[in-house]
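Beneath this line is the structure, given in structure tokens, with notes to follow.
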Amino acid sequence: MTVRFGLLGAGRIGKVHAKAVSSNSQAQLIAVADAVAQAASDLAKQYACEVRSIEQILASADIDAVVICTPTDTHADLIEQFVRAGKAVFCEKPIDLDVERVKACLKVVDAESGTLMVGFNRRFDPHFQAVKDVITKGEIGAVEMVTIISRDPGAPPVEYIKRSGGIFRDMTIHDFDMARYLLGEEIDTVTAQASVLVDPAIGAAGDYDSASVMLSTASGKHATISNSRRATYGYDQRIEVHGSKGSVSAENQRPVSIEVANASGYTRPPLHDFFMTRYLDAYAREISSFIDAVESKSPANPSGLDGLIALALAEAALKSVKEGRAVKVSEITGGLG
Amino acid sequence: MTVRFGLLGAGRIGKVHAKAVSSNSQAQLIAVADAVAQAASDLAKQYACEVRSIEQILASADIDAVVICTPTDTHADLIEQFVRAGKAVFCEKPIDLDVERVKACLKVVDAESGTLMVGFNRRFDPHFQAVKDVITKGEIGAVEMVTIISRDPGAPPVEYIKRSGGIFRDMTIHDFDMARYLLGEEIDTVTAQASVLVDPAIGAAGDYDSASVMLSTASGKHATISNSRRATYGYDQRIEVHGSKGSVSAENQRPVSIEVANASGYTRPPLHDFFMTRYLDAYAREISSFIDAVESKSPANPSGLDGLIALALAEAALKSVKEGRAVKVSEITGGLG
Amino acid sequence: MTVRFGLLGAGRIGKVHAKAVSSNSQAQLIAVADAVAQAASDLAKQYACEVRSIEQILASADIDAVVICTPTDTHADLIEQFVRAGKAVFCEKPIDLDVERVKACLKVVDAESGTLMVGFNRRFDPHFQAVKDVITKGEIGAVEMVTIISRDPGAPPVEYIKRSGGIFRDMTIHDFDMARYLLGEEIDTVTAQASVLVDPAIGAAGDYDSASVMLSTASGKHATISNSRRATYGYDQRIEVHGSKGSVSAENQRPVSIEVANASGYTRPPLHDFFMTRYLDAYAREISSFIDAVESKSPANPSGLDGLIALALAEAALKSVKEGRAVKVSEITGGLG
Amino acid sequence: MTVRFGLLGAGRIGKVHAKAVSSNSQAQLIAVADAVAQAASDLAKQYACEVRSIEQILASADIDAVVICTPTDTHADLIEQFVRAGKAVFCEKPIDLDVERVKACLKVVDAESGTLMVGFNRRFDPHFQAVKDVITKGEIGAVEMVTIISRDPGAPPVEYIKRSGGIFRDMTIHDFDMARYLLGEEIDTVTAQASVLVDPAIGAAGDYDSASVMLSTASGKHATISNSRRATYGYDQRIEVHGSKGSVSAENQRPVSIEVANASGYTRPPLHDFFMTRYLDAYAREISSFIDAVESKSPANPSGLDGLIALALAEAALKSVKEGRAVKVSEITGGLG
């Protein structure tokens, strides 16, 4: 079986997914939609597919699944529409910046028994996946402390920051999901501190550019996250899991791994400078996992609930910064049960 | 000039300092005292020095300086006595488990214009020193985020735990000092979480074995500390400093750096399994720095105030765990003015 | 422009090139030929192209270029036929096992002004390419000593060995080409030693499984090559270039770069276990380079002459082993004029 | 028991051994001799020992053992004199630059049943020792191929070169000994190539500054050695042993192991810049091993025979360069049996 795709949004991340869908032998890219006609037609030409409007894709009998890469404030509505139309939905994170809106959206998905996958691409990175496998096989015993260091090569434009929902919802949200994924137990409390060290304009926009977060589970497991919007040496993405029998870590990745030695020392090149090159394999594997779920009619992971919880952790972190205290996740979610 | 030393306490750490003093060409070990006569005489024999009582050392005209390695609850009294007797004092951390007692002790040191150095040996590790040098030279720009991962190879006996003052005062105190040293700015707030994951007996003794700490300064710099009482792979001691222009880190040390490759992969040996081998050079350099201060009649570093502040950070961390909130350091110190 | 391809040979390496051609947006795979009908039709189905005989491909007006992946003893004849038919030719190494036959073949290519590229894929590995770039930019000064360590995960079947031309022509030939590429100066003498340490059956077949080679240029530059047919830890492929101002190296590659630490030490996974995964990127970039040459009607590199010289170095190495002396390359080539 | 030492030669390497002897609790440095009176008295003052002439040391009843650090052309005579005087002898390499002279000297040692140890310090490096231990434990199976890369930070003065016996006898001799030590089987043939790439003055002095060597044993094991007199990145000392079940390597050592990351990449400091800091531990352990042999009246290792064989390998290498062929070690030694 081949899963036939419509792509909603032909921007930066839309292009990444267009490539992943096109390269997948189980998938076919049928149509692309974008508010900017030129963007849609360029992408359509590159991948030999059609340009259709979102409404047309919604009504297309020859489309089984959609990838939503439109602006965040449209995600929840589109998910609801496409799920109701019987399409499987892959949606870029976040579903919405508001927890209540996400909850409402997930109710619709649930009612329709829809297939929804949320784009936490890092779960599909082969190195991080290998870390997870080591944990699953019991090689490090019981997980005790997760350490995530996650730094962007450079801060995005302030205009982006303003629409982003803030550092916790936009950037740390990936690390929240990774922490949950690796801990293997729900997070109970969130404590965070944040400041503006990189760019005062980010502070002027009401956001932070440097953040530290501590998470704890009911059984006392820890996770810590360290975020900065600027790392001169590239896209810094490290995870480490300390357990009762040992530890496992995934180091940073660079485009080429050579080393030059001279009187100044031994120098390896900087890291990848962009998430798209760093997570190239992850994006391909992510779409492949979605296709598998669609084909086998089994639940997709990370799920809508995963998206909701990561967002709730972001809100809890923000609350923690503002109130200077440990925040129970249940304060945000009201309990999800 | 040669600095003539008396050693108070011939236990585990006393032996480390006896060796450091004896190997230093600017120093001479004159006498050793210990409540256990055998311990004192064994060490005296090994280093060809005399056994004297603490009182005798206090009265010895041929002794310029003492190294205090006796139980913690004797430190403050001994510091006061020896400073009043005009001896330079090197004291193992902590000065006392109680902040008020430390403050009182430091007042005596101050009144006597005494020389007091506190044993934060890690500042003298050549690798960590090289990290500090990189910062001082401005190579990474402004310091923004310090990350310290510090794990013991195995938990000490519960009897030790009970007298230790708890994980923050006993173990994390080194990391608090290191964070201050690397941040180059006083810490303003402490937030911590702690749990018992390694040994329930530690919990039963009222202590924790796993801790995470976030520190922030007035200008918004961050430090995070991750502690565990057990790391199967050895004595895990890493620091990393992220700055505006770059980052610098010191990796773990192992006794030999070989690598064996076979069908299971590429394996390097475990780390040092004990603080004494890991910090062998640091202990020698620490005593050397103390001797330099004594000889040049200049202030010794880390000072009594450094000892006090690290202890206050430990108390703040404990308070933060108990109250689930960020604790201002000034709540503990009352301002040090 | 799109370069239209015929593929001759649908075996292991043929599949690699079929994938590389198909994934390249400047190329189209039109037809595949193989003596085994099933192999041809399977591959044709996978890449939606036709099955044609070699003769048909030779006569196909809709084919611009061929990739020759047939058995070695057919290479020279096919090159001559397809060059005469005006097709651009990419041929897997070696052109032939006999130096005189290669020379004759290259004369035909020359007479026809044909485009011929020989499959030394490693030149296109991004890590090795980065090493070359460092040299070209002058970062290590004048190249002085090249060190190549190249070991296979496991010995091929003895049947393969028998038809291979021996370790120097089959395995070391890649390293000879790499040494030339990195030295930037022709090799003047070859000295080699070889033995059977891995599998006596290889010795019984008249070949070696372990070899060391020293190369020198007229100006006194050195290269050393270390080969084994078996490395338990994977496909060991390292190069290092020592120059007057510094050194540059490319380390081994592994599928995932994680590290597990426990009481046994710190372990990273084994290396790639196969040349196809190790050089996946290199194969794609190699075909891309060939396509560029075809499109721009410029000479392809590595050229037929590169193939001839690498073969001559292999013959010189064999002669050196047998005669226990340094062999001048000119003894084999007779000078290449 | 304490071994009482006389030191012959107070130059650079004499100082290294004076320190090693003085720091060893089983040894006492009694006297030092040097043709330069000031050098002897300075060292004597530093280690609180006497200045005596070589003749006086020879006649000293309070001296059990000597360390010979005088110029090479005096070594053989001194060994004979001191062995005849019943003193245990530790002699810096080489015993002599002439194989026949060494043979004659060893006959005297043998006739006197004297204790003679030759200063191949690298065998005592803890990292290389760990490599040897891995081999001895069978962890890598049968040893097959040894790779040694050994490069000096910078070429010595030409005056030194002229008296050195040439690169093979002066520098490679350490690597020859290491190759024998790691192979665990005597070397049968030597093939070498050498050139002048670093400093024409070295060539003018009749020596080489860049050399490659291949060694083989009767059973077909290989070793390769790569030498250069200049490495801008420090003292490059690597060994790797490839075996039937796996591989083991010892990487380079640096004074501090930190890493700085910025827009230029990730940089670790250069290596040690001198053999004395690189092999500090090795020198101490070497003397300790000698003391153990003296105390236990057991043979010292590396022995005089080890010194002879390493020298013979150097001569064979030189002969190989000059004659462009593989040289049997037996051509040099005439068989040692």
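Should a chain be cited, it is by its letter among A, B, C and D, assigned in written order, with residues numbered from 1 in that chain.
As a working rule, contacts are C-beta pairs under 8 Å (C-beta built on N, C-alpha and C of every residue); 3 or more make two chains touch, one makes a residue touch a chain.
No experiment lies behind these values; they were computed from the predicted model shown.
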item: Chain separated most widely from chain D, comparing mean CA positions; value: A
item: Between A-C and A-D, the pair with more C-beta contacts; value: A-C
item: Chain A and chain D: spacing of chain centres that average the CA atoms, whole Å; value: 58
item: Whole-Å gap between the CA centroids of chain A and chain C; value: 41
item: Touching two or more other chains - residues of chain B; value: 231-233, 245-247, 261-263, 269
item: Of chain C, residues touching chain A in the complex; value: 23, 126-127, 129-131, 134, 139-140, 245-251, 253, 255-263, 269
item: Contacting residues of chain A [partner chain B, same complex]; value: 142, 144-145, 147, 149, 151, 189, 191, 193, 195-198, 210, 212, 214, 216, 219-222, 224, 226, 228, 230-233, 242, 244-247, 324-326
item: Chain B - residues contacting chain C, complex; value: 231-233, 261-270
